[in-house]
Amino acid sequence: MFNNRAEKLFVWLFFPLALLMPLLLDQNTFYVNKLATILILSIFVMSLDYLVGRCGLVTLGHALFYGMGGYLFVMLAPEYEAVNFWLYTFYVLAIASVIALVVGVIVLRTSGIYMIMITLALAQMCFYFFSDSTEFGGNDGLFIFVKPETDVFGLSLFDLDNPTHFYYLCLLSLFNCLLFFKLLMRSKFGRIMDAVQENPERTTALGYNVLHFRLASYVIASALGAYAGYLFALQYGFVNPSMLSWQTSGTALVMSILGGLGTLYGAILGTLVYEGLHYGFEHLTENWLLPMGSLIILMVLAFRHGLAGYLESLVEKRK
Amino acid sequence: MSSIVLKPADLAPPATPCPVTDVVLQTEGLCKYWGGLKALDDLSLQFHDRRLHGIVGPNGAGKSTLLNLLCGSYAPTRGKILHNGEAIDAIRPHEFSRRGIGRGFQKTNIYPSATCLENCSIAAQRRVGGSFNIFRSRHSDRLLTEMAAQALEKVGLSHRRDAIASRISYGEQRQLEIATVLATAPSVLLLDEPMAGMGHEESQLIIQLLKSLKQDYCIVLVEHDMDAVFALSDQLTVLVDGQHLVTDSVERVRDDARVKHAYLGQGDEVI
Amino acid sequence: MNNLLEVRSLHTLYGESHVLHGVSFYIKQGQAVSLMGRNGMGKTTTLKSILGVLTPRSGQVRFQDQDLDGLPTWQRMRRDIAYVPEGRGMFHNLTVKEHLQMAARPNRRREVLWDYDRVLATFPRLQERLTNLGTQLSGGEQQMLAIGRALMTNPDLLILDEATEGLAPLIRKEIWEVIRTIKASGVSTLIVDKNIQVLEKICDHHIVLVKGRVMFEGDSQQLLAQRSEVESHLGV
Amino acid sequence: AEPVKVGIMLPFSGVYAALGDAGRNGLKLALTQNAAQLHGRDIEYLELDTEARPERAPELASSLLDKDKADFIIGPVHSGVAMGMSKVLRNKDAIMIIPNAGAAAATGPLCAPNVFRTSFSSWQPSWPMGKVALDAGYKKVVTMSWNYGMGKESLEAFEESFTAGGGEIVKQILVPFPKTEFQPYITDIAATAPDAVFVFFAGGGAVKFVKDYNALGLSDKIPLLGAGFLTEGTLEAQGDAAEGILTTLHYADNLDNAANHKFRQDYASSFGKPADIYAVQGYDAGLLIAQALNTLGGDISNRTALIAAMQASTIDSPRGKFTFSKAHNPVQDIYLRKVVNGENQVLSIAAAALEDPARGCKL
Amino acid sequence: MDITLFLFQLMNGVQYGLLLFLIASGLTLVFGVMGILNLAHGSMYMVGAYLAWYFVNTTGSFGVAAVISAIIALLLGILIERTLIIRLYRRNHLDQVLLTIGLIFVFNALQSLLWGNDPLGVAVPAWLDGAIPLTEMIEYPVYRLFVSGLCILIGIGMYLTINRTRLGMLIRAGESNRDMVECLGVDINRLYTLVFAAGVALAAIAGIVSAPMVSVVPGMGEHVLISCFVVVVIGGMGSIKGAFVGALMVGIVDTFSSIMLPQVSSMMIYILMAVVLLIRPRGLFAS
């Protein structure tokens, strides 16, 4: 299951600890919420990490789907009636997939820097669409007044109004997401995806339609990105076009590179460290950009393959 | 270089060196122009099953271009390509391999960070299928691993099975390249200078390999190693500056004055 | 006669794997030297260690009686070494003409033996392809360009790694001719190639590598004398 | 006693940083000046940089509310952030005081007992300008702003009073936010040749707009009117280009009242630069807190009493005295100002004790 | 739209395009030709503008301020390349994204610490402070014409350097295969340092000459960054001519869409880029 000992170590430490976290924090609303946000971001970053690190499809428009996840819910759900979480999860995933399919067909015609820019372009268009719109709250964003219910056959698993419950939902989602990607990468599909990333020309010559594989991956990653955005919108019941901005995509990319591209668990690591530093410095000084920027620079120089790479070298040395 | 250009019609039917076999691949009036440059002009050739068809010619004659056309990497400017009688010039690049047309590249083209076995597994999976299966573990398919291992064995790379492809020597990478193509279980093999950069022993190995392969496959071989070409070819085509010069048996081509003039030169390599 | 290049007990590693185990040889002024060996024996590694593209763990390289150790590659090349790499090293965004122009440089004695016109005269095929990008050339054309580009730097020592790979027999002959001319003009050459028959005639001195060790070293007569032993090392 | 916890959620980096700085300075100045009114309670500041990123607003607000248990939360500048904040803070224990963001919704449909505003609603500074324009004899006006909530609401407010008095808006130009390439629009205005132009811009965009307008030679030909932000905190950068611009706002630098003189002097000596409207609004947020504490004798544990006290207070602000409407919006005078010699000088009171209509508020 | 108005708008578009080209020119060099993803390019533009403001205020002369600022920027470029960028050449391209985002943070913080957050303005230098009346309504400032002229000069200079000189060939070759260039006896490291510094200096120069036309504000760099990337990508990586054409296209399309299609004008340059890339997936003039 694990590619190396560092990964194993991380997963075995992280998830049990995360499970205990709300208890350790005495269910403090803010901390639990903050951690839940980090978990949500981790899902988002992980889906990007898969795309960039494992498929070689660098995008600066992943926030398109993140924001879409939130706005889709706003568009689909009736304003004041309670709705079912699982049902709407399905809706959001399904519609996001369809959108990703269309977007994918367009953007995958290009590659490299051109793909970065065309994904950016589409995300920006969407950003301006919501930002200029009157129906969707424009630049100021929109409130979501309903919290979905999570009943399955009358059994309510999570009460989304309760931060701790919401936290566990996010944790479960992140775990499933990681598991899913690991399975995906170990699968026969994953083999071809590796091949596509490393040498698309060769892979075509071997008889694979590279576009189809890329498209499949793009749809999968985008749908999960949308799922993260959906959770994010639900957390505080608020959507804003800035979810779709290129800064959101950019920050996610930074987290995933910082964590160690293509390692998946690095996405969690990167998000955790980035958000942790941000939080720490922001409470330390209003000029938090200075220590934050400097530290990022130092980390790039020091870690060849991101935090995950560093962790791996530590674990290997120990051995 | 050569001013002698023959149209296919002028050619006497090639003396058949062995009994007539099926035509697997065929080109009709195939052209590829790069701007004003006629990299390949009006080429009509037939490639037979279980035959090795050598293609030689001076540098820039259009040999690689021909292979690129045959495997769908380039779209022809004009003309037709027929595979088992069906026109395939309009199908998409990846479908060529699905039709059993396998391609080795002139410049080594492998998956450098994967192991040799994995390189071949990727190829073999095309045959075995399940590539869109996101739940089946990639290591669980015995048949597939076997096919990949066999391909490695055929080219004599079994001892490098678990070596990372970028870390084996250039010559070994060339061998791996062929192994990958074999792993797709093709019926037509297009090879572009497979012996380039290989040592004698390895070349010898590949020659033996091709000898045995041509029992089952239609092989098109572009190669500058004359010893190999002469030893292997059932039929030999000479291209010069995008033009078809001659297609005939090895013996006749070797003695053809025009070929000597344009390509082989006289006598020994060092005068 | 001075030693132009001296290589002393080079040990080179790729990460953990030890590839060169103390390779030593020398090239005299004006000599053509062949470096032979089967695939993966360390020929390219030796060349790269000489040029400083790879850093050997230990060993010395002296060129024109000066130590090259520790110098960056470009400074070594500035002492008039030219290199035709395995795989040709084309620039995908430069035209043929630019490949030649960018490399142009007189040697340290400020002599220009090879210039644009002479290179084109040597490889007329390139003349027709001047505006093509480097990677748009056929394999053989690329090889000619790589050699032409190296010659434009007017080297004292020309290092060729499988320079005739992929060339048609006629052109191959031409290249060998060129190497002879170069040699006649006093330029030394270090040639990696597999064609022992030709090397025997062109080169004065021969080195055979087996698994990163020099197994044979001697002039053409010695080579002839030990032909069968050498051939067994080469797998002929 | 325990210190009073004052959370500050303002932008300290990015485009709006200057506004955040000024607001915070004003707030602190007010609370230090009036330390005597706090009945011995210290103030503990908790400052967070919003980076003007709305999507982070709920989290930051929650940090001040749930983690730090702040009594007052001052913020923000950006309307989108205000929305995100109020999602978390509405009807909660902490008192939210908005020292700038003018979004109508915050004291309109989304108004809440614990949400106050010491600045303005977007309607207030612009609405009086309609009458000013009519009085000046302008019939046809082009309006222009960035295409975002605050800008559009400002233009609507102007239009409301201007068209009610018989004026005509010949063209409305909405520029994508935060674009500052104004030249094509200004050329277009020149071609339309209206009697006057009314704009809403602020900060760097205001500087750029005024410079472009002047550079193309329109400033002597078509009078430029604006909501006062056009020339607030920007005059130095705008230089001569701003001379003669007419604006309406709830403040002007040279207002002649004791509070303003003292405020401007203290501000300049404390922070080494002249005060602007953003500083005043922060300052008034401070005054509001100080006064409420004073009224309650330093005990703010009873939030209903606190809210009542705040709602009832009259703030002796540098902008002149003002009170709060039911929707917790300031009821204030709006001044007509003109830029003369690089200063916003008051010409007259454009609207006295103007109250925001607070459409949609059920308080 | 009558013909004079059309011509005015065309002029606006061209002028904006030229300015965009100037800002993007450094990026063309560093990103387009050398292939370094420098997201801090916008920060350099900002640094140029702030430096110009600072030195205009201390020296009183725009000319002197411009020269000093450009030199400082050049040195800054050398410093950044020598200490930071140089360590990343042999690594994943995306590491450059991370590094230069770190730089953006640092520059923004420094700007705020050194110069505060208020919008600042630089006066147009007296010797260029005039206007040419075009109609009774509109006049055209001389300074803007001067800047347009400068943009054209820089464009031509860059085009000739990159495409016609040996230096240009070496730079392009370096992007394709660094090791090989070194094997030809060229000190590729020093070459790259110089080119990177030149790119930084160009960004700063754009900031310097823009300062009198725009407001010098925090975050001004980030706004232009994306437009610059759009320009370079529309033109095709590595092509100076492409960047020039791309900049003009963006300028003109943006200008006319602002007036004629206000509903979508915010998206227009992205639509333009998407359309160009769909028709030519590698930009207009990519090699």
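Lettered A, B, C, D and E in written order, each chain numbered from 1.
Heads up, the rule we're going with is that contacts are C-beta pairs under 8 Å (C-beta built on N, C-alpha and C of every residue); 3 or more make two chains touch, one makes a residue touch a chain.
Bear in mind that the values here come from a model prediction, so they are computed numbers and not experimental data.
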item	value
Separation of chain C from chain B in steps, with touching chains one step apart	1
For chain B and chain D, chains touching each	A
Chain of greatest Cα-centre distance to chain A	C
Reference chain E; chain at largest CA-centroid distance	B
Chain centre separation in whole Å, for chain B relative to chain A (CA means)	45
Chain D and chain E: spacing of chain centres that average the CA atoms, whole Å	35
Distance between the centres, which are taken as Cα means, of chain E and chain A, whole angstrom	32
Set of chain A residues in contact with two or more other chains	128, 131-132, 289
Full enumeration of touching chain pairs	A-B, A-D, A-E, B-C, C-E, D-E
Chain D residues within the chain E interface of the complex	12-15, 17-18, 20-21, 147, 173-176, 178-181, 183-185, 187-188, 190-191, 193, 203-208, 211-212, 215-218, 221, 233-234, 236-239, 273
Interface residues, chain A side, partner chain D - complex	28-31, 33-34, 37, 128, 131-132, 137-141, 143, 232, 235-238, 240-243, 247-248, 282-283, 286, 288-289
Contact set on chain B toward chain A in their complex	71, 73, 92-98, 103, 105, 109-114, 118, 121-123, 125-126, 130-139, 141, 180, 184
Partner chain B, residues of chain C touching it in the complex	14, 17, 37-41, 44, 86-87, 125, 129, 136-141, 143-144, 162, 165-173, 176-177, 194-195, 197-198, 201-202, 234-236
Residue ranges of chain E touching chain A (in the complex, touch as defined)	37, 84, 87-88, 91-92, 94-95, 97-99, 101-110, 112-113, 226, 229-230, 233, 237, 263, 266-267, 270-271, 273-274, 277-278, 281-283
